[in-house]
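Sending over a structure as structure tokens; questions will come in a sec.
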Amino acid sequence: MTSRLPENGFPVEPFNGNFHLKDVVSVEQFTDPREIELLFQKADEMRRSVEMREVRRDLYGYSVAELFYQPSTRTYTSFLAAAQRLGVSYITPIHGMTAYSSAAKGESLSDTVRTIEATTAADVIVLRHPGDDSSQEAAYYAQVPVINAGSGRKEHPTQGILDLYTIREELGRVDNLVVTMTGDLRNGRTIKSLAKLLVLGGNNIKFNFVSPEVLKMPKEVTNYLQSCGAEVYISDNGALEDVLPRTDVLYVTRIQSEWFTTQALEDLRERLGARVEGIDESTLKILANQLGENEYRKAVHGYEVNSGLMKSAKSEMIVMHPLPRVGEIAYDVDNDPRAAYFRQMRYGLYTRMALLSLVIGPAVNGEFKNDN
Amino acid sequence: MTSRLPENGFPVEPFNGNFHLKDVVSVEQFTDPREIELLFQKADEMRRSVEMREVRRDLYGYSVAELFYQPSTRTYTSFLAAAQRLGVSYITPIHGMTAYSSAAKGESLSDTVRTIEATTAADVIVLRHPGDDSSQEAAYYAQVPVINAGSGRKEHPTQGILDLYTIREELGRVDNLVVTMTGDLRNGRTIKSLAKLLVLGGNNIKFNFVSPEVLKMPKEVTNYLQSCGAEVYISDNGALEDVLPRTDVLYVTRIQSEWFTTQALEDLRERLGARVEGIDESTLKILANQLGENEYRKAVHGYEVNSGLMKSAKSEMIVMHPLPRVGEIAYDVDNDPRAAYFRQMRYGLYTRMALLSLVIGPAVNGEFKNDN
Amino acid sequence: MTSRLPENGFPVEPFNGNFHLKDVVSVEQFTDPREIELLFQKADEMRRSVEMREVRRDLYGYSVAELFYQPSTRTYTSFLAAAQRLGVSYITPIHGMTAYSSAAKGESLSDTVRTIEATTAADVIVLRHPGDDSSQEAAYYAQVPVINAGSGRKEHPTQGILDLYTIREELGRVDNLVVTMTGDLRNGRTIKSLAKLLVLGGNNIKFNFVSPEVLKMPKEVTNYLQSCGAEVYISDNGALEDVLPRTDVLYVTRIQSEWFTTQALEDLRERLGARVEGIDESTLKILANQLGENEYRKAVHGYEVNSGLMKSAKSEMIVMHPLPRVGEIAYDVDNDPRAAYFRQMRYGLYTRMALLSLVIGPAVNGEFKNDN
């Protein structure tokens, strides 16, 4: 870790077949499907343990620091539970870094990370932070591994991992799948991570990207997926009904109304050009709010997944959502056995246990070098 | 739990002689004095353990989630300590649900509860929430038991339980008692719970309700207590001195000044009728504040318990308060051996340990069916 | 603890050679160098344990409450880690007392402390609070020992202890030292505590106090140090370069800009006298901000420690800082082996483990009576 130079940015090191003492900052670090399988076999072991109520001691005598600079229900609680269930002896979980740490006094992230490492003698730091490069920066400065629990809008690798594991556990395979992603495909980080892991970990993947046109999947991502051999079908403003009968995995994401307001404001400024000077800032914002709200309503219209829509889906398929939801999936779907979104969160516990144990636990035998 | 329908509301299930895997949402679930005795015997066992510094492992391998949506010193710390002292292996205590969870992003309580259950594999959820029906709602959706640690203004069952246990431990009995309740009898939830448990658990209870008239105990409650055989003496605007010499338990509660402001505002609106339209909202509030403050001062006047007043009390009696206090009990009473309010909080630890262990621990032998 | 009277203030009890069940509220409680040595020998033992990854059980079955009323990264996490690494069975760590406790409802500190003691059956209370006398007040009311983790601007004894231990570990001695303190010597509490411990624990100490004149070390402190036999050299507005070549310990502290604003405001009021009445409060504040900012810039100018400056320092010396820093030490010093400030925080873990274990653990043999 000490050889990296910040002038070069904070480079991401590939796993090269081995998680031991590695930082986990991005799904881009996976370059071999066997890395995913190694992780998932460990997760299987964790699943059995939890279900059998086995008390594990993998990380007895170890120390884990969990630093959260943003509100989080799922990721925070599952990383905390994961550490506890591995028998970690010393856990420092801080949910309110922004309010209760020296971040409030203007301390830099690199100083704070080195501080917690020093004060707690942590073996690993789990970090959630609004900065896009926060995890890489922390990994550069920390002497111990850093696990990214969500960095800005850019990366949330453990979400991608648990999503792929969910598919494997629920459908029994990660190959030969029709995966329909819907909602905000433009801004959502989780779907991009999952898509990348899918084409790495599985064969014969067909994607349907169904979203309002303004929220469509960026061209770079679709190009990348195609270059990896995936089939991609893009349906801007299209209907879920059209693709649902052939879908194995329906992945729904939240469409955030604030995004539309921001867009409307930018749009107004562009269209008005110099004339914008004559308009009061607050008037502009009211206008943008109204326009944005209209666009939002148009955008979400027709994207709600409900029990009526589910009638057209296969009997063997799953509905996923990273949650929280705000209306994208109706409550009447919750009791449908195909609704996998609550089970999905439980898989987060198993995969995070697996990751923690592979990163800081004793080195696993039989690891391999990536021969790419 | 899955058979309940929200259309019927969220019904409360009686304990029927057995706490095992039951939700604990209301004192109304107690219907047999033997249920109270079962719980208290367990609490006695816990008390001995704590006093002997015995390290217990009742809940070794178990997982407890504690979700607090409201500030709480007593309940939060004593539930946390209770879980730890039972040897719970995995605890997820969240003090700031409002600030740090997806509640901030608009997630529904039922989704959040199911989330935490999934991410932590919790065996029980302890919930404090401002919504009156929050615990019942959570219990309906969760697959594991929910324990109400305070729901809105309506229920706080573990407070009632620890209050009754305090009386039993301090006075050696829950029968043949003169119980004087004072302060805000209209809005206080703890005194109503305690009163109901007293008439269920004890015989020959006489109540004195001494309060400002505007804060008097609601008729439904006094009727209920009388229907259970209790003697009730109501002393609106009356003096504590009159009843103190015969009192075994003096239960003091806080009178909250905000309540008077709210009342004054309602009152003003009613009296002014249509003319209220002509008055500026902020003027109305200033007026209500002044009127409310006056009423508050009149109401609290004469209700302070101090060492002078305590001279007229029996030598064998106790003073209780759910705390925090703001002037209802003078500091000069703290060293009086009859001041039980700090010990009362310790009984909270024992009773919460008992409850957690009975609800999720291995089923207790010798339980009974309620034959009511 | 119960014999003290608040009318006399809240007196500080000297350790008298023994930490067992003592409150730790001030460095003034140390009166014998052997007390420091006893503590440091314990810290050495803790250091070895942590470095060897030994799992300790010194405080198995014990209960520790940590109540923090102010944001804190270092002290909070290191006390938490310290308790965990001693095998404390029950820990109640509350980072947000102000937001989540009844303090928000106006409860007094003495009630809150007695509450937590009751609800958690704590064996010791670790308290961080903005009130200067908070720890003494808590110690007066609590039945168990209170450890001061920072009280207002007055005392932060465990910082002084870890600072002295840092010097001992890094330089191998606490005697025959040239100690240069710089930054805000007027308001900084940590340097005063360290200076007092140094003259108690070590022989032949020479101090250089280098600071902007407005932030110079108070006369009482320099007088006290001289009366203890230390040599003191005061360099108002002086340059670090002049003293650095002879310095063994360079202790840097933060200069806070807000202080200058406050001073400028007081100054303005004094100078304007009666005429201040004619000036709008907000105008006065803007003026004070500008004047304060200017003074601040002048004050900090020339006090930055960077790699250029470090060229003139000895090869065997250390740079210390209580952190967080905001520019007093340039990042380019971080990799200098003489930069001890991150290691300094790790020593905080060892010394706090030592203190907790000596205060509440089984009494240590071979303790001594202070024969002063």
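When the chains are written out, they are named A, B and C in that same order, and each has its own residue count from 1.
By our rule, contacts are C-beta pairs under 8 Å (C-beta built on N, C-alpha and C of every residue); 3 or more make two chains touch, one makes a residue touch a chain.
Just so it is clear, the model here is predicted, and its values are computed rather than measured.
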Fraction-based call for chain C against chain A, same above half, different below: different
Turn needed to bring chain A onto chain B - CA fit, degrees, nearest 5: 120
Length of the line joining the C-alpha centres of chain A and chain C, rounded to whole Å: 41
Contacts with 2+ other chains: residues of chain A: 96, 99
Complex contacts: residues of chain C adjacent to chain A: 50, 53, 55, 68, 71-74, 76-78, 80-81, 84-85, 95-96, 99, 323-326, 342-346, 348-349
In the complex with chain B, residue positions of chain C that touch it: 60-61, 63, 65, 89-92, 94, 96, 99-107, 111-112, 114-116, 118-121
